[in-house]
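Each remark here refers to the structure printed beneath this line.
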Amino acid sequence: MNAGVVLRGLLGAALLIGGWELSVWALALPQWILPPPSGILATTWTVRAALLPAAAMTAYQALSGYAIGAVLGVALAMLLALAAPLRAMLLPMVVAVNSVPVAAYAPLALLWFGTGALSKIIMVAFIVGFTVFLNALDGLTRVDPAAVSLLRSFGAGRLRVLWVLRLPSAMPAIATGMRISTVRAMIVTLVTEMLGSQLGLGWTIFQAVLMIDFLQVWAAILVASVISLVFFGVVSAIERRVVFWR
Amino acid sequence: MLRAAWPILLLFALWEAAVVGLAIDPFYLPSIRVVAAALQAQAPFYLDAYLVTLSEAALGFAMGGLVGVASALLFTRLPAVKDMVLPIFIVSQTVPVIAFGAIVVLWFGNTLMAKAAIAFYLTFFPVTINTLAGMAAVDPRQVALLRSFGAGQWVVIRKLLLPAALPRIFTALRLSASLALAGAIVGEWFGATRGVGAMLLAAMFNEQIVSLWASILVAAAVGGTLFAAVALVERAMVSWREEL
Amino acid sequence: MKLSVRGVAKNFGAVRALDRVDLDIAPGEFVTLIGPSGCGKSTLFNMLAGLAEPDPGGTILLDGRAGALLGRTAFMPQRDLLLPWRNVLDNALLPCEIERLPRAQSRARAEKMAVDFGLRGFEKHFPQQLSGGMRQRVALMRTFMFERDLMLLDEPFGALDALTRSMMQRWLLDIWERYRRTILFITHDIDEAIFLADRVLVMSARPGTIKLDRRIALPRPRDAHLLTAPEFTAIKRELLDAVEEESLKSFSA
């Protein structure tokens, strides 16, 4: 990553934000079309007292669901990696269920689990679980057969091979799945909140739309984006440390 | 086609077995026969929903795919522009785009274009990024070899980089198909009266579980259609690729 | 540890890979195996390591015992297969971990062995940081750490350049003298086969069988000058003829 690329990247970002601000003022765009970045930042600051609890709730739901989904996804992948016939049967069904976009399950989740945090956590666990599961299974099964033979020649059984070879070998794939899932977790949380919630950024956005307060909408989106980015950044950083050999 | 069908049939069989065998409360999971009956009874409505959502998602998806690949080609030609724009692209992938749904509906009104725009946005970035990654993964020595034969930039792209990137492009398209559909459905939640998303919402508010499950199945059908379309194009592309 | 192979054959569907292999290896011997590509050398190794079964009628006896061979020989395949997330020491300790030996003792043993294998100072390095020659040494050390009397080495120096290879050969003989294991060593290189071995086995083209069993009575320790000595060249000519004949068969097949 040389200095030229970084500078051009910063220039691009600056041009985008600068251009945005300028065109709003120059074209005198009404707020409901496009507020200026300065306006969005100002509003975020002024309504921070309301945004903070909503952000906390959204983050809590996303993180809880993420943790549960990741653990279940890896566990299920390990189980299916060990049992080939089970895998042949379950995998196509899992893929079929996944062909429905997760968002479409939100109304169902709300009916079943209510408008509290539980429905959001379960939705997030669902999508994170799927993503991590598919990635983990791919990594666990895509192992050099020569390495498996080597371990067997040392007398290793299937469980040992899983623990010593397959699991570490699958870490890059699992890490990729977990990285992608951070953003999906946030999106699914927001979408489910929008449909039915008592507290959360998605709910804030929905309410703000009803009250035709678009600065509030943009402010909530800004906060949600920041949480998303931080979450993504933290997971990526952890990934780089854990999967150091890539 | 047939190979894709059996896991679905198995799933339905398990569904029915679970409902009957475990005596599941129909509030959670109604019998598949009841759902099928509802689909049949209200067939015109569900068909209409299918077509509406399919057109929204497909339009946005197709445009997003084409513009995505075109952008990647443009960026390869103009690396300075790429350096400026790519970080924004990557960051935009972490922004919860679907939160913009309300705003997009506001800009475009409650029209097909609004949902298609959301689907477009969700498709466009992953396709661009993956196409670029696919082209970047080509062995620079192969590029050098073509150059040594006197090939210009465009020839290198057409004959080497683009075909080499095809697998990743199609992976991105498959991912984006789901995203485009999700975008269309969520877009419909902001006031649409027709479409799978609208039916899901109505079913939720009226606590009509059977209708809800029927709508989920229709959503799966739209998803399946999009995936089938991608598979068809992929097969056509592979033969094109071999001709190169 | 005495190895006794009788009437071992292997068919893969219609393809007859091995045809009645008979061989005996005495404890402490260094035996090399050469033959044309596809003659079944690796198949034989897989069976000796317990990774494949000989067809019915064939027997493999280790110290007079037949039956499950998995885990009774120390096997080193062609590729080093070092795990990139483990450092040098942990890679070498892999078989001991699988065997569930007490960690502290294994670790101490590995640290001492690392000195013999020229890896002192590199114990905490990761495979990506090592040269090809060093990686092979780590893989060899891993094989030696698995304390079994019979070692099966499948072209361990094949991927190395000629200079590194000759150094590794001399070093391997050194180690072998020190640890006195029984070694069965596959190679493509006739010079290497003669230089290292007490006996050279030449395999025929597919279906593979032992065509020639030549005792190498050259003095030990083997010196580099031996490579151009007349006795060496005589043996080499004899083996070359045998191998050429088989190579032509498999080339024209």
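The letters A, B and C name the chains in turn, as written, and every chain counts its residues from 1.
We take it that contacts are C-beta pairs under 8 Å (C-beta built on N, C-alpha and C of every residue); 3 or more make two chains touch, one makes a residue touch a chain.
If you're wondering where the values come from, they're calculated on a predicted model, not measured in any experiment.
What are the two chains with the most C-beta pairs touching?
A-B
Going by C-alpha centres, which chain would you call the most central?
A
Using mean Cα positions as chain centres, tell me which chain lies farthest from chain A.
Chain centre farthest from chain A's centre: C.
Find the geometric centre of each of chain A and chain C from their Cα atoms only, then give the gap between the two centres in Å, rounded to an integer.
50
What is the distance, in whole Å, between the centres of chain A and chain B, each centre taken as the mean of its C-alpha atoms?
18
Hey, how far is the Cα centre of chain B from the one of chain C, in Å?
53
Flag every residue of chain A that touches chain C in the complex, lowest number first.
144, 146-147, 149-156, 160, 164-165, 168-169, 171, 244-245
For chain B, which residues are in contact with chain A within the complex?
6-8, 10-11, 14, 28, 80, 83-88, 91, 93-100, 102-103, 106-107, 178-179, 181-182, 185-186, 189-190, 196-197, 200-201, 203-204, 207, 209, 212-213, 215-216, 219-220, 223-224, 227
Considering the complex alone, what residue numbers of chain C touch chain A?
Counting only chain C, the residues touching chain A are 46, 49-51, 70-71, 73, 75, 77, 79, 81, 83-85, 94-95, 97-99, 126, 128, 146.
For the complex, give me every residue of chain A touching chain B.
Against chain B, chain A makes touches at 4-5, 8-9, 11-13, 15-16, 32-33, 89, 92-93, 95-105, 107-108, 110-112, 182-183, 186-187, 190-191, 194-196, 201-202, 205-206, 209, 214, 217-218, 220-221, 224-225, 228-229, 232.
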